[in-house]
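One chain, chain A, links the two complexes that follow: it is found with chain B in the first and with chain C in the second.
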Partner chain A sequence: MSRETKAAALFLLPSFIGFVVFYAYPTLRGIYLSFTDFNLLRNSGEWVGTRNYQAMFADALFWNALWVTFKYVVINIGIQTVLALGIAVLMHRLTSSVVIRGILVLPWLIPNVVLALLWMWMLDPSLGIVNHYLNTVGISSQAFLGSESQVIPTLAGINIWRHMGYTALLLFAGLMTIPKNYYEAAALDGASEWHMFRTVTLPLLRPVLALVLVISVVGSFQIFDSVQVATAGFGGTPGGPGNASRVMYLYIFQQAFEFYDLGYAAALSVALIVLLVFVAAIQLRLLRAGESDLA
Partner chain B sequence: MSDTIAPSQTPATERAAAKSARARPKRDLNWGRIGAWAVMGLLLIITLFPFYWMLRTALSTNAELVKGSQTITPPGATLLNLKQALGLASAQEIAAAGTETSADINFFVALRNSVIVCTLITIGQVIFCSMAAYAFARLKFPGRDKIFFLYLTAMMIPPVFTLIPNFVLVKNLGLLNTFPGIVAPYFLMTPFAVFFLRQFFLGISREVEEAAILDGAGRWRIFRQLIIPMSAAPLTTLAVLTYITAWNEYMWPLVVGDSDGVRVLTVALNAFRQGTPTIAPPWAPLMSATLLAALPIILLFLVLGRRMVDAIGFSGIK
Partner chain C sequence: MANVVFDGVSKVYDNGFRAVDDLHLDIRDGEFMVLVGPSGCGKTTALRMLAGLEEISAGELIIDDEVVNAVPPQKRDIAMVFQNYALYPHLSVYDNMAYGLKIQKIGKAEIRQRVEEIARVIGLEDLLGRKPKALSGGQRQRVAMGRAIVRQPKVFLMDEPLSNLDAKLRVQMRSEVSRIQHELKATTVYVTHDQVEAMTMGDRVALMRRGLLQQVDSPMRLYHAPRNLFVASFIGSPAMNLFEAQLARSSGVLVAQIGDQVLQLSPEAVAEPDELERYVGRTVALGVRPEHIEDAALLTDAPSERRLRGVVRATEALGSELIAHLELSGRPVMTDEVKEIAADLDDSVIRELEAERGESKLPIVARFDEASRARRPARRGGGRDEPGALLRSRLRRGHRRPPRRADDPRRRGPREVLRCPPSVNARPWCPRRSPLDPIGAPSV
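Our next item is the complex of A and B:
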């Protein structure tokens, strides 16, 4: 072994132990657990083949969790991306003030649990400020988190509020890489703002936009904290009303730590990871993320 | 993938870009521009108002809130809720205000726990990930790119996937409800930290290093006396991002550390919520507790905001 290899081994050792013990091994073990009936109370399990997967496909709550998560992701990403793109273009046009960027990114730095409690209060059906303002403009009070039809859009709204500034900052960094002369040329041709946005900004931003989209979609599928806190009310169980907000992460969590069925929960998380890989691959393909129009 | 993630913009290039933006010929004030600023102003209000409302509620008398007061200033302004959240209010005071909860938040204990957990995670991650990042950026050894690729793959694994096996592991090691158990998965490495620092180390000129090697300096000495001091800025940025991420972490500490002695703030807040009565909930103390839990992050951000805002370019994606 060369001196350099020996040095490298020492430099890598701690992180490699961390990688093996807390990433690689648990990943393999998670796949293995999904083929067992591992129960948390017994702290043991037997090999059961594909039984968990068969149960999963027959489990109405699994399909419900998928559907609820899907609805959430579509609302969240759809609105968030449009807003963030708008904010990024606004910043690009108006200012690169650190204070403004700092304010816009602030919610992203605050714990989800804190924000979930804050929005629970602001959206309270009887005492919340949001309903108070709705009432003053003549709209009746809404149940928001307490309504089966509104709970997912509400959670998406909270998350959009938290993430739009951060996503805008990522897109803004992408906008800064577009050469100024493209805009100058377009302006000389008398192009309108909208025309420049469509013919210059959007095509040149595409690789960055694709990357941001893939990352935010994958992140959005993983919503947990705010559902776990904000849909439980006081002393209730999260996921409601009914099953209206029982997203994938929450369903996995509950199977594992409320019903102690780790084997089944592991099978659910394998399904989630397969789904995420699939979604990311489709997006990268559709958005041709690897190619740049700048080259 | 790696070719689409550009190294983060340094503050210097960022500032230069900002300067050139200002240097652009000023257009005449027109209605479009005024409208754009109005939209920006609205966005800032939408972003900041909930934080103001948290503060306003924290300083209100709870009885007024329950009656439905929506005044913009705190009705019956008081510090009692903050005292209650901090565990400094007497039982009589709390009873008089009608804000009893079945679970006390033990704020100082939770704050201490959060500080312990986040500090340990940050120290471990910054040291061990910078070592790994240096090896990946500078040393030649067989299998280097393969191992790095494996590390990157780990970045794609959703946390819930490793949550269950890691829980079983920590449980079998007898580390449930201990600090080592809460800290363990984040202490030695996160793929993001290795990736983030490698990007910076790749950018450091090799010449200085080669001169030191000619002088007979070992790799460890080069790392400690050359690389680390030259990378103070990215190391600080990573430390702050790591600290905040650890501060916000919820699912893992909820699973392995939901008992009084080790509960971190996010988990303690949730326990406080669970112990809250459903009729006339004590919103004012609850908002005081959330405010106090967010305050350290807000303060950190006020001090180091510029560095962090600059860092959220492409290396900020996680």
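Our next item is the complex of A and C:
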């Protein structure tokens, strides 16, 4: 080994140790566990082959968790992205106020658990302020988190409100990279604001939009804490009512730390990872995220 | 096509900066009007106000007898070529050119016909499918032109469209843009900081300084009858030589005392001799174009009162002519105008100018006939080193100052004799409208 190779190895060593200890080993260990019946109380497990995966495909609650999560992601990302894009474009074309940008990210700065508790109180069917105001404008009280049909849209709404400003800020940063000249050229070509948005802003924002979408989709698949806290209040069970909000992460958490079935929980995690990799890859491909028309 | 009128148009920014101040400019139908001036003179702001990209603070902007102050750019029917072209990077050349036409809801077949026709005219036929990224600078420039032309707008605006091209291409595109403009007979407003572009392309040239219009005239009028010191020193390459001189009357004729030498100003060399009479006995700015200084060695019959003696500091043989950098004893004109133009080229020039002024050294540039044998004196042993060397092409627009080496000793050489020819053109610069300002207390 030459001196340079040795030196290189030496410099790489700290990162390599970190990578192995904190990333590679846990991943491999997790995958290994998914092929065992490891029990947290027994603190031991035997190799069971693909039994966990077979069980997973036969598990109605797994499919339910996937479906619930999917519903949440679609509502959350759909509305959040459109709103954030709208806010970002408004900020870009109308104001350069730092105060407005600051206010927009405020919800994102509040811890999730605090937020979940706040909304739980505000949305309470009998005591909550939201229903109070709905009543004053003549709308009857809604169950929100207590209703099987409303719980997922409500959770999505809370998280849209929380993340919208942050997403808008990311998109706004992307908009800043589009030279003003294009808008001036388009204006002189006779383009309306809406036409400019479709023919200049969207195509040139595409790489940033792709990145933001992948981050927020992966992020929203991981919804856990607000469900755990908000649906557990007032005698409810986390994931309730019924299984209506038992999202994937919550289900994994419950398998691991309520039923101590670490092997099965690991199998569910692996399935979720595979799914996320697929979703992200498809998104990046569809949006041609690697190519930018700018510069 | 249309005529454009700036009627007392001003632009004041929020911070109080007056970018354009009370601009009156009448641009005729089909005219090629060039707005020129040093950086920050307001030319681009004026253009952007015309485009509708900048709000007008005061005055009226009129296109075809309609006041358009409040008309958005979309509705003004104006096309603009941007300095960096601003081609839509995600669209092909074809789509870039068709963009404005599609918005006008013109039929597909007609769009195709018009785009292809213009592409043929400006030599883009083979590039229609390409994205701007895959084009050279010159090709992008053409696309930007094509995108403007294809719309057949009322007015074309061009904001330094050639400044991103290399020197050779710039010269080529200069004539091409002029040709296209004349073929289309399109009203065109062209902004540039390059006075050569202004002189060669414009039907008329509007020279601006610090937001104020200095003079609007044909290029030749601007060159031969500059209205003030700023116009005189801005237009021309190499720039006009400006000396401080004492105007006097000696045996019936006007003479100018330059340093310790006297130059006779024959009546035919002076634009308005009567006007000049008022300044006898006072200090004036005397301007002589480089091509109006000749090598007296080639004109042996020149009378002595038309000769000045100077030292050759450097020469640049260009084949057809010889640019000679000379030094006389005397004082260069140092007014705000001269300083501003110098600073626009290179900040360090001002310091040198002032140093020379203190030393009573007057650098001048002359364009001699190729037959001239003027050369920088050869080195001689025992020559005195001169600090603050003078080798440079100061104020030669578009030319960089030759690099000066610290170890380059300039030595005092033999004197060449030179002469201001008695031709009518070789007149000292004389302002026509504003009186010739005595520069008794020039700012130093």
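Just so we're on the same page, the second predicted complex is superposed on the first by the 273 of 295 C-alpha atoms of A that agree within 3 Å, B and C clash if a C-alpha of one lies under 4 Å from a C-alpha of the other, contacts with A are read in each partner's own complex, and residues count from 1 in each chain.
Keep this in mind: contacts are C-beta pairs under 8 Å (C-beta built on N, C-alpha and C of every residue); 3 or more make two chains touch, one makes a residue touch a chain.
This structure is a prediction, so every number in the text was calculated from the model and none was measured.
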item: Which of chain B and chain C A:Pro179 touches, first, second, both or neither; value: second
item: Touching partner for A:Leu188 - first (chain B), second (chain C), both, neither; value: second
item: Touching partner for A:Val105 - first (chain B), second (chain C), both, neither; value: first
item: If touched residues of chain A are counted for chain B and for chain C, the larger one; value: B
item: First (chain B), second (chain C), both or neither touched by A:Leu90; value: first
item: Residues of chain C defined as touching chain A within the complex; value: 51-53, 72-76, 78-80, 82, 84, 86-90, 99-100, 103-104, 131, 133, 147, 151
item: Contact set on chain A toward chain B in their complex; value: 2, 4-5, 7-12, 14-19, 21-27, 29-30, 33, 38, 43, 87, 90-91, 93-96, 98, 100-107, 109-115, 117-119, 121-122, 124, 126-127, 129, 132, 161, 165-166, 169-170, 173-174, 176-177, 180, 193, 207-208, 210-212, 215, 218, 221-222, 224-225, 228-229, 232-235, 249, 252-253, 256-257, 262, 265-266, 269-270, 272-273, 276-277, 280, 289-290
item: In the complex with chain C, residue positions of chain A that touch it; value: 179, 181-182, 184-192, 195, 199-200, 203-204, 293-294
item: Residues on chain B engaged by chain A in the complex (per definition of touch); value: 3-6, 9, 14, 17-18, 20-21, 24, 32-33, 36-37, 39-40, 43-44, 46-48, 50-51, 53-54, 57, 65-66, 68, 70, 127-129, 131-132, 134-135, 139-142, 144, 147, 150-151, 154, 156-169, 171-172, 184-185, 187-189, 191, 194, 218-220, 223, 244, 247-248, 250-251, 254-255, 265-266, 269-270, 273-278, 281, 283, 286-287, 290, 293-294, 297-298, 301, 305-306, 308-310, 312-314, 316-318
